[in-house]
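Got some structures for you, see below.
There are two complexes below, and they share chain A, which is joined by chain B in the first and by chain C in the second.
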Partner chain A sequence: MSRTRRLKLRVFRTAVFLVLGAFFLVPIGAMFEFSTRGNGVTAPRTLDAWTAIAKVPDLLPAISVSLQLAAITAVAMLVLLLPTMVWVRLRLPGLSRIVEFICLLPLTVPAIALVVGMVPLYRWIGPNLSDSILTLSFAYLILVLPYTYRTLDAGLAAIDLKTLSEAARSLGAGWGTVMLRVVVPNMSSAILNACLLAVALVLGEFTFANLLAFENLQVAILYVGLVSAGTSIAVAVASLLFAFVLLMILSFVGRPRERVAREEPTGIPGPFGPPAVPQGL
Partner chain B sequence: MTAAGISAVSAAARPVRGGRRLPLSWLGVVPFFAYVGLFLLLPTVIIAAGSFTTKDGGLSLSNFSGINQPYLVKSLANSLVVSAVSAVVGALAGALLAYAVVTGNPRGILRRSVTSASGVLAQFGGVTLAFAFIATLGTTGVVYIFLKDRGIDIFPNGVVWLTELSGLVLVYTYFQIPLMLIVFLPALDGIRPQWREATESLGGSTWHYWRYVAGPLLAPSFLGCTLLLFANAFSAYATAQALISQGSVVVPLAISNLLTSETGRAQPGLAKALALMMIVIVMVVMVLYAVLQRRTSRWLR
Partner chain C sequence: MSDATTRRDGARGVEVRLEDLRRAYAATTALDGLTLTMSPGEMVALLGPSGCGKTTALRLVAGLEEADSGRVVIGGNDVTNLGANKREIGMVFQAYSLFPHMTAMNNVAFGMQLHKVGAAERRKRAGEMLELVGLSAHANKYAHQLSGGQQQRVALARALAIKPKVLLLDEPLSALDAKVRSRLRDEIRRVQLEVGTTTLFVTHDQEEALAIADRVGVMNKGRLEQLGPPTTIYSRPATPFVAEFVGLTNRLAGVVKSGEVEVRGARLPLVKPDTTDGPALALVRPEAVSVIADGDMSPGPLVGSVISTVFLGATSRVTVDLGDITVLAQMPTSNVGAISAGTRVRLSLRTDPVLVAQDDKAPTGA
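Moving on, here comes the complex of A and B:
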């Protein structure tokens, strides 16, 4: 590579990183700035907006409910998806394409469109089953399917499932033992990844909650914003930081073992190979 | 923890041991198919069926002719324009970023940080993102005040374009660029330095290399990724709802208004027709994306 070209490339890279770096960092910094403003132009910095989080009615319940929804969705996802995927790999390999297709289907059905079809469903669930906000996890389970499917699929592909399960079965283990003591420990990082993804997605979810008239964290943030902009932005920053931490754990520490050996991680494992299509935007 | 699912599986498993395998092993996947049938396929069927029926249950196309109202046509046009512009801008900026990343050390900290941060930022949307931009460029935002103190008014004549369509495009680029990086990086990684050396040894310039070698190789992937970005922006709802609180400016907002109209003028049939239209558009775009990705993989990797 000639010297001028190397220099040009260097200038180009620096310019790109500076401009885009500013574009991505300034709004996040601005949220911090906004949430620490005092009343008035010259007022000193305060943490009033942050301490007010605990005082705003409806906010703490919304936070707790969103955390519960995240936990329920993650557990339900594992209970429904993992045994099915293991079973399909071992006994019904012919079904694997269909299961994959179904799991990726929510990507081509925008959340705002899917919720239109869910409204009648929830109109039935409300009076007949429960009108608790926790019923939202039914919908959230569908929402997280594509992302968690890819992650679990990568984890399953990395272990020799057939040999492991046959070995365990020939030693007298039942299917429950195979799942809990053989499969799960062998793909713990993939399971952790799938759970973190599910949690991050549920905590950021707005569309379903808003249109099914439930108040989860994101809906509450929007409502609080109408009354007190500072506080709502403080909560937004807090929830953002929480999601950042979760997803950073995901892309740095909790990489599935099989990917460490290969080239480079591309962040979050996505539904179409590396790509990850964000949902709930 | 996974007791329920496992008991379903093992219940199916025990008879299998006995001999006749095929019929009973299907039981293991029943919970999964029942669930997605109920919460994914049924809603889709409800949308499809509901968009072809009237309020009293008769079969009709009236919901689709209902789309032909000025404000809905306008919202569809707005949606297409916002998605297309934010996809193209996001794709160009994201491709530049990906190129800047790929020309660096493949195992460097810079590359790891950028890819990880992109994974996070591509998921960052909705209410929080809208608030971030309001805190930045809103009329009380840091950057707005900073610029105004120096005599630059980014909202000339008091038009706060941040909460209008152009603002939506700007805010959408915030998650489009990282998404582009994630989906486009593998294609760029597939480009081999030998191809450039070969071009040079044959007397080709940088222009020739990009015009006749790298360009054509990357074009299908770039186009496909742009389509993915388009579908992504087209489906986005929460960001628009938080940024533009009123009106049916884009299709998702129109659907939401038709669904939750407080004045008792909710039109579920029309909402379903719009939803069906969205699904069809996104599906077509995603199929094209998959086709283009397949074409890319012929040469790269």
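Moving on, here comes the complex of A and C:
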């Protein structure tokens, strides 16, 4: 690649980065600016709205509940979806289109329509099973299916699932061992990405919780906004930062450590070096 | 062929019996009553074209598929209804099958861990196995850092590390280039003889099968056409299919009469003397055809012109046009001399017993 071309590419990348960065940061900056306005046009900047967050009575329980919902949804999604997708790929490939259709279906149905459809179900669940807000995880599981299905599907497509699972079976592994020790480690990135998507979706969810009369983080923010616009915006910015930090932590903690090649005298390079040249037998 | 008698003392192979195995996929019969007994420590190669059922047979032995009927008996135990993870088999696959997230050492140790071998013993045996396949120096490398041949050798070490009762090799060399394939083929045989595990080797490569197996089973349409030592398979094919699939064969039109077949003026004995009289195609190996470039070249049924000579090393293959048919001859390169394209030659057919095909009357060449 010529030097001019490299330079152009770098400028283009920087421009895209700056435009996208502005797209995300300007609204957050505006929110922060609004949340620090004093009372009146000429009033000095104040952090009253931010300090008031700690005094909002229902906020901490709402954050706790949203985190629990996110965790339950992510785990339930993995437990339900991953073995199903593996089984369909290995044993029932003819069903893969149907499973894909079912998983992607929620994408085509507006959230409001989904909620209306679920109201009778929750009317029954409330008195008969539990009226806990954690039952929302069932609805959220449906909500996250399309996104997590696509992510896991890409992860499964990237490995030779059939050969790896058969190799493990021939070595004495049961299906549980195949899943936990062969499939999961080889698609950990896809699993992590699916979990991140599920967590992000659940933390930002408002429609289901509000219409089904539960109070999660987003609903709590709405209620705060009814009392104090500044505090409501401060909570929104804080929750955005919180979600961002949480996703970063999950990403760094859960991401498998890159395998570093040990340079041997054979000269076979590591994963980030030049392409490996097979050394014969 | 390597000699099975060179096998190490104390070999721990077991007898393996496949009894009338049948398997169909929808309307397609993949395996049609396969019966085969493998002696302890023996290496049997199943050879055949794509779709002949050889891989299905191997997968039924492995327990990766279920037979519609029939039995698989390993070491006297009926394992037909056991899952793949309970059969105590080791398997090397056609596709690279090392677990990408594990080093070569951990790959080899994986099966032993599942078999509850202690950590120290596991490490020791994994090291020994890697040494057996000559990869001790690569123990800490991941699959993506190994060449194809190295990966298959680690896969072999991994399969043998659990001390399997049967070793199953599903075209393990087909993804490799010719030179590596040849070397690894010999190495697989060496290792197999050393550990003495009864081995079923599936391949579509006749050279591979004939080179390393104690016995070769040629399969066609889900059936075992012939099972025998490589030399017998090559020199005494039981059916026209075996004759044509294993090695090159000239198909020469002739007439069967009184236990012989007359081909272009030459009378050849039959492998099956009780063959019905009548027109037939004699299946003649190229090495049974001699090319004579001097003497009488007056027109006759076995006189023609050389189309080409192909140098194969110690031998050369000569293609001769007899007017109505093209015939292949294989001869020592030292005898080719001045024979080249356009040379007028006379062919002579060696009077080895030949097999005839009577269901296909059209005269054809090689």
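Just so it is clear, the second predicted complex is superposed on the first by the 215 of 281 C-alpha atoms of A that agree within 3 Å, B and C clash if a C-alpha of one lies under 4 Å from a C-alpha of the other, contacts with A are read in each partner's own complex, and residues count from 1 in each chain.
Methods note: a residue touches a chain if its C-beta (ideal position, glycine included) is under 8 Å from a C-beta of that chain, and two chains touch if they have at least 3 such contacts.
Nothing here was measured: the structure is a model prediction, and the numbers come from that model.
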First (chain B), second (chain C), both or neither touched by A:L247: first
Chain B versus chain C as contact partner of A:V182, first or second or both or neither: second
Partner chain in contact with A:D160 - chain B first, chain C second, else both or neither: second
Per-residue touch tally on chain A - higher for chain B or for chain C: B
Touched partner set for A:E33, first chain B, second chain C, both or neither: first
Which of chain B and chain C A:G174 touches, first, second, both or neither: both
Intersection of chain A interface sets (partners chain B, chain C): 174, 264, 266, 268, 270, 276, 278, 280-281
Chain B residues within the chain A interface of the complex: 1-10, 12-13, 16, 21, 25-26, 28-29, 31-32, 35-36, 38-40, 42-47, 50, 93, 96-97, 99-100, 103-104, 106-107, 110-112, 115-129, 131-136, 140-143, 174-175, 177-179, 182-183, 185-186, 189, 206, 225, 228, 231-232, 234-239, 241-242, 252, 255-256, 259-260, 268, 271-272, 274-276, 278-279, 282-283, 286, 289-290, 293
In the complex with chain B, residue positions of chain A that touch it: 5, 9, 12-13, 16-17, 20, 23-24, 26-31, 33-35, 75, 78-84, 86-88, 91-92, 95, 99, 102, 105-121, 138-139, 141-142, 145, 174-176, 179-180, 184, 200-201, 204, 206-207, 210-211, 213, 218, 221-222, 225, 229, 232-233, 236, 239-240, 243-244, 247-248, 250-252, 263-268, 270, 272-278, 280-281
Residues of chain C that touch chain A when the two form their complex: 62-64, 83-86, 88-91, 93, 95-97, 99-101, 110-111, 114-115, 134, 137-138, 140-142, 144-150, 153, 155, 158-159, 162, 168, 179-180, 183-184, 187
Chain A to chain C touching residues, read off their complex: 159-160, 163-164, 166-174, 177, 181-182, 185-186, 256, 259, 261-262, 264, 266, 268-271, 276, 278-281
